[in-house]
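Questions regarding the structure given below will be posed in turn.
Lettered A, B, C, D, E and F in written order, each chain numbered from 1.
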Amino acid sequence: MINLLITIFAPVLGGFVFGIERIIKARMQSRIGPPVLQPFYDFFKLMDKRAYIIHSLHALMGIMYFIAEWFTLAVLLLGNDLLIAVFFHVIAVLALVIGASSVRSPYSVLGGLRELMHMISYEPLMVLMAVSFYLITGSFDIKTILSFNGYPIFQMPLVFFAFLLVIPMMLQKSPFDIAEAHQEIIGGPEIEYSGPFYEAVYTGKWIEYIYVFTFVFLFGGNHYWLGILLVIFTFIFVNLLDNSTARLDYRKMVKFSWFVLIPLAVLNIILIAMWR
Amino acid sequence: MKLNKFRKKSPWILHYNTGGCNGCDIEILASLAPKYDIERFGALNKGNPKQADILLVTGPVTKRCKDVLRRLYLQMPEPKVVVAMGACGHGGGVFRNFYHVENGVDNIIPVDVWIPGCAPRPEALIDGIVEAIEILQTKSKEKEYIRNHNEIIDKLGAKDD
Amino acid sequence: MASFVILNILIPWIFALCVYFFKKDIITNFLSFLLLPILAFLSFKIFYGNLPIYIHTSKFFDILMDIYDFGLLFFFLYVGIKHKNAYVTSLALLQITLLIIVLSILPSSSTANIYVDKLASFIYIIVALVGTPIIIYATKYMDYNEKNKHKFVAILLWFLGVMNFAVSVNNIEWFFALFETTTLASYALISFRKDKEAVNNGLLALWMNQIGGVAILIALMLMVKQNGYYYFTDILNHPKNVAIAALGFLSLSALVKGAQMPFQNWLLGAMVAPTPVSAILHSATMVKIAPYLILRIAPVIHNTLLAKLLIITTGFVFVSAAVIALTQDNFKRILAYSTISLLGLMMLTAAVGTPIAITASLILILFHAFAKGFLFIEAGILEKAFHVKYITQMKRLIEKAPLTMMFIFFGFLNMTFVPFGAFVGKWMMIEEASNFLTHGSYILLIVFVGAGSAFLSILYMKVLGISVRKAHGIENIKFIHLPKTFNFISFWYYLFLLSMAIFIAPLISNFIVSIAKHLTNYHINIYSSNLSLTINNSTLYFWQILGALIILTLIHILPYFVKFKADFVQPYNCGENHPKYLGTWDFECIKKYEPFLMAFSIALFIITVVLGGGLL
Amino acid sequence: MLKMFIESFKNLISKPQTLKYPFEPSPEPKNYRGTIFYNEELCIFCDKCENICPPGAIKFEVIDIENGKKQYNYNPYLCIYCGACVDACPKSDEGCLSQSDKRTPALGREVVKNKKLGYFINKIDNPRDFEKEWEKLEKRAKLSREKLAEHKKQQRLKKKEQIKKSN
Amino acid sequence: MGKITIPFGSQHVALPEPVSFLFDTQNEIISDVHVNLGYVHRGIEKAAITKFDYTNLAFLLTRVCGLCSITHASGYIHGLEYLLNAEISKRAEYLRMLVIELDRMHSHLLANGHVAEVVGYENLFMQTFRYREKVMEILERLTGNRVQFDYYTIGGVRRDIDLEDAKEIKKELLELKPKLEKLTEFFETDYTFGLKTKNIGKITKEMALEYGVVGPIARASGVKTDARAEYEYLPYNEIGYKLQTRKDGDVLARNLVRQDEILNSLEMCLNILDNLPEGEIKVKTKGRPKGEVFVRVEAPRGECFYYLKGNGSKIFERVRIRVPTYANLPILKDLFIGEKYSDAQAIVLSFDPCMSCTAR
Amino acid sequence: MINPQMEFIKVTLENVKETIKKWYDPNKYHYVTINATDTGEDITIDWIFSDLKEKNKIYVFRAENIGYKDFIPSIKDIVKISWLAEFELADLFGLNVQDAPKGVFLEKESIQAPLRKETKWEK
């Protein structure tokens, strides 16, 4: 039931998370920052803009991205398989990338290509994470994991660590905000969207927050307090990291993911597998 | 629900220097920084006409910049306001009547708010933006045209490969 | 039932002869159209008939086969000498020597020479449903300024017959003959255009595949020497006794046939031939022998070192072929690399050998056949009707060739995305592998599968990205009239793929699981209810399938129909109006690593054969 | 990276540095170079301010050629607040021309009027006309100058003639 | 097939002013560059010899560029004073140096902050600007405007500094000092910042000499050049000026040279405030400019060069401005080749380019 | 007061390249810029250098009495970066400089050769 509610209200929830994040970020930079409801103000303002598009395909892909993100979240929360949810996420990426590449704007195209590099960096790790959950709890089922009497975080610390560093890749945060790279490609895939169509992409990102933090929550097993604690910790950590690093190159990101994070996760999995 | 009240709360800015001395531009930077932090009003420096509400223009508009300025203006979705910052933006400021200067932003695109000063303080910029969002709220979503719209659109046409 | 099998094998041969001799458009077209219902009917009849079927043949056929073998090998020798190709010549000589040795030590056996089980008939179905349409397509394709249409179609027809035959033989010595026949057929097809490049590539394919032949002969020798078995059924019935080295060599021949790195070049070279050749090689025939062979021996090698090494080798190929594909700019070459990559995956899953893995492998074979056939057909249409060969030329394809673009889009979606078969295969595989994580190779497997599919997705998205790129609205789409045949074939595949995706749950749980069950004799934990698919404890719900399908369908079809009422603007270019060139990344630096990947795959290859085969 | 990590955390828990302008005032420092104020009573119409003004934000228009009566017009939006006019004004000590330390408000929905800003701005109602009107004024002022010069020349000639006549 | 042309400018978030680079890239690696730098050409040199006379020309010339407005004024007015043969008081000289050095501090902080911003290090940008605001406050208090100081005037400066202000400014500067040192440390030791800036856009000493690079860019490559040391226009040797150099010549070295100079400027400001001589702030000058003079002054970005030619009338015959970016730009074009597009922003902004003075 | 040590070296358009080539050493001298002045009838061009070691020293290679149509050689093979100043001469003075395109600074629609005395600047 609660899953259904979260799924349905994901955009709202994500908006709040995003709003809080903007404040936290501002505070870390010793600014006051926008109000909490700022994302919603943006949302309604964008609703009210005149629609400008490059062509219909592009605009459509923005909307499809939003739908796919939402659907992915539904698959994660309402289905019972982590792995499938991980694979579903690719659809959202597809919509985003196709949209980004469909316009003749170098920034958008580069953003799309960089988005692919993001995908290659986090997708295998997500699979490994799902597998390690299976290994510990004996199921890919989110409900089983949440009723697992144990502390997944303590059994898979390395996976958690790797995931902690993958989150910036998924949420486009420094040092891995490469596809969005505001100062380089001015938002990348989303640059050409405007008005109501941009809104779809914009809110799609909020849902991504919920999607990611759901995974973090799972690390608490059936100790929900731990899950919540982890979510808060991750949230703060990711923002601190965002504020204390420069943006890296996409090559560095891919290398980092492949030569540091994935081996770490694999190591952890091997250790658990042998331990059992 | 009247959506236009939200325009006031999230003005996204596109900034373009059309050949001023940079004095105004660094004040824009300063107003992003902690001391003034215009993000308090939800303002973001978007750097992208497609998602901007306020076109913040500095400088007297040199001959080479004017087409760029037009393009940026045309790429912004309505409702939009144009804020000309600094003396340059109004009649060219100290560069008035120079041979390579178009004498202010209003000669190229319709301006809604002029911020006086050379360079204006960030406070003045904030005042200007507050003024701009008031105007933004009253604007309609109808398409806005610039002088000689069709001619200019033809002139600005992009090439394909 | 036996007669059906024989008909199934012979009809393509007969039709081929007719086409070859009559050289009449009507006859060619008619026969190729006719073949589709005939083969489809026969193969389904066999599949749902009483299996397995054993057909005993008289001694006469054995001798005939031997003679045929020698004839074939001497022909290779002739080709080698004629084209002054040392590889072909020496390999042919080697094969002849080995064959003589094998024949001299071959004991006589009473096991049936032809053995058709569910796996074989499954391949029949693929040949019928995927291969035949390609021939129909070829009849039209060859009308576009190509020569020797009838000869070409005849070879294709014959090829199908050979393929059908190859998967039905039980006798490994016969299998060798047919294996080499497919080699011959591929040589004939690849060098069909007779220009220098074509002949060279044909020779390349020839000698590389000959290595596979040699491997089979060595395997035969070892097998016969160890315990005198040289029938698949015998091997399967007495798994304990079989020389693991022999199986190693058999897998080696599979790897060669499956164009696994470092032997990928012959399949890439096949590009120079008319596109139907690629289509048929990549989808229904030839390369499918590779996973077929592994599947055949899967129950025996299950859980051996050989299997694990095979997993690593093929997994490595799966990833690295996908990576190398990123650097390519020829559309057909990209498809070829993705075939190599996916063949790796198929063999990997087959080598795992657990019932679910075998199911996964079969799913992959089926879906890959359809999707790849489809894609190559579209590639051919692109080439002939739109003169597009390189992905740089694919710019604005969505406007120039909307329908073809849509089909390509769908084909690509089928290759990796949820809920299509390729995804289901991978998902099953990871689910299954998660149970065996104490084995290092299975963790690697998961990494390989995760990484490889990510790379493949990137590849497809990159290509799609270029083809949808457009400056202005997709308003003035011109549906260029393509020949009816082309459209028929395209829709044939399209609808098949679509319906297979919707009904994927029953398709798998009823159709494919039955084959896997037949192969492994285990109960398989795959069910479907209400079109939802359950594997072990995980379920792919129908609403998920449907949702994904709707989203993807919307993504690839809707652009043609949706027109937003909005103002159009130009893309942002810093306010400038530069003439601009927008390609895509060619991943230049990966090319630098290509030799390393190659070297690594060679090393893996040798390790597989040497260690896996227990030669040390 | 680590240092900044800690710094960010410190910032998070300490007070932000932001000024709450416009909700709290942020006055200009004393001596800020703000709007130029004019006091017509003290002006001797020497035109020094007009001549030195770099952008030409001060324009005197001769409205009565007979008497040589001039009107001070000032465009605070064109002004670069350099203060050169005040420096040049011989009467600035008395306060004929002075630079206040307040900013001019932005020109948006309405024109903020003030007697001290001279004639021009008090005549304009629509902010959108501002620039155009100023351009016209510039032309008018130039013309009136020429006319005045012409007039003076005529008068001088007349005087000369008168002197001649009287002689 | 890998070629993608990426426009960078004229309107781009990472660029404060209009200049346009068109990069041909291959996998984001730059293979060719086309530069268009004439966006800001307004015709100042022509105006300087027609519309403006020597009394109000300074107001125009400070608006050549907002960041080093004081430098332009100094370049012009030093030249003018030479032509008018005007000797100015010590106090005025010291006050001039005070504002020039404060201006250098704010300009350098801006440049460094901007580099931090474009490498995606938003917080470092914010911190830099937070401290820069303090300098701006001081400057505003001293001159009456935050950007266009209009502080120089013929024969001296336009405003005096009163005792109370001097004390307060000194206090603020002393407070600022540890913070700026901390900032230097951030720049110097930050790992990710180093990844984006070390060995990027490298200029060797030989290259720097060959290309005639000036200012912090040259000093970052180890070339000892600084107009403050090479050209006597203000008594810099009296207030503890030190020439700062670094060796690496990459983006990071440029930032660090600036950072060092900020600290040196801070020292100088403190010295000036301690040893402020008494005297008039402005002397009366006579006559009209006649003759020609070449002036070199050190702007934050490097050496700023003025050529003035007067013919005894109120209006000059020729005013030539050569600004540091004008000298530094040619090397920039060659520097891009082979770098990644994602580093291009940092390279451009580490030059702290000032197009409005380049094109004038 | 400043104290510039200006050293004028008279050159002609023909020998300027050789003179500079013989004299120039990037390790000793710093190229500043090229400057032109319109005297009303003809043009004076200065190639300006400064000294890296010696204080206040400025070298000026001066070519006088140059006609508006004269061909001006480029020194970009001696000083790599002189092209920018040469482009400027071509644009702002409308001179005929070796290898210099027009339009780097000026738009086509604007007035041309603005820095000549004869060009009226007010609109």
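By our rule, contacts are C-beta pairs under 8 Å (C-beta built on N, C-alpha and C of every residue); 3 or more make two chains touch, one makes a residue touch a chain.
Source: prediction; values computed, not measured.
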>> Return the chains shared as contacts by chain D and chain E, ordered by label.
In response: A, B
> What shortest step count links chain C and chain D in the network of chain contacts?
Replying inline: 2
>> Quick check for the class: compute each chain's Cα centroid; which one is farthest from the centroid of chain D?
In response: C
>> Counting only C-beta pairs in contact, which chains form the busiest pair?
In response: A-C
> Taking each chain's centre as the average of its Cα atoms, which chain lies closest to the overall Cα centroid?
Replying inline: A
> Can you give the whole-Å distance between the Cα centres of chain A and chain F?
Replying inline: 58
>> Just the number, please: Cα centre separation of chain B and chain F in whole Å.
In response: 38
>> If I count partner chains per residue in chain B, which residues reach a count of at least 2?
In response: 16, 34-35, 37, 40, 46-48, 50, 64, 68, 72, 75, 77, 93-95, 97-100, 118, 121, 143, 160
>> Give the residues of chain C touching no fewer than two other chains, as numbers and ranges.
In response: 471, 567, 569-570, 572-576, 580-582, 584-585
>> For chain D, give me the residues that contact two or more of the other chains.
In response: 1, 3-4, 7-8, 16-18, 54, 80-82
> Looking at the whole structure, which two-chain pairs count as touching?
Replying inline: A-B, A-C, A-D, A-E, B-C, B-D, B-E, B-F, C-E, D-E, E-F
> For the complex, which residues does chain B have touching chain E?
Replying inline: 14-27, 29-30, 32-35, 45-48, 59-60, 62, 64-65, 68, 72, 93-95, 97-101, 118-119, 121
>> Please output the residues of chain D touching chain A within their complex, sorted ascending.
In response: 1-5, 7-9, 11-12, 14, 16-18, 20
> Where on chain C does chain B make contact in their complex?
Replying inline: 471, 567, 569-570, 572-577, 579-582
> In the complex of these two chains, what residues of chain B are touching chain D?
Replying inline: 34-37, 40, 87, 90-96, 104, 106-107, 110, 112-118, 120-121, 123-124, 126-128, 130-132, 134-135
>> Residue numbers of chain C touching chain E in their complex, please.
In response: 329, 390-392, 573-576, 578, 580-589
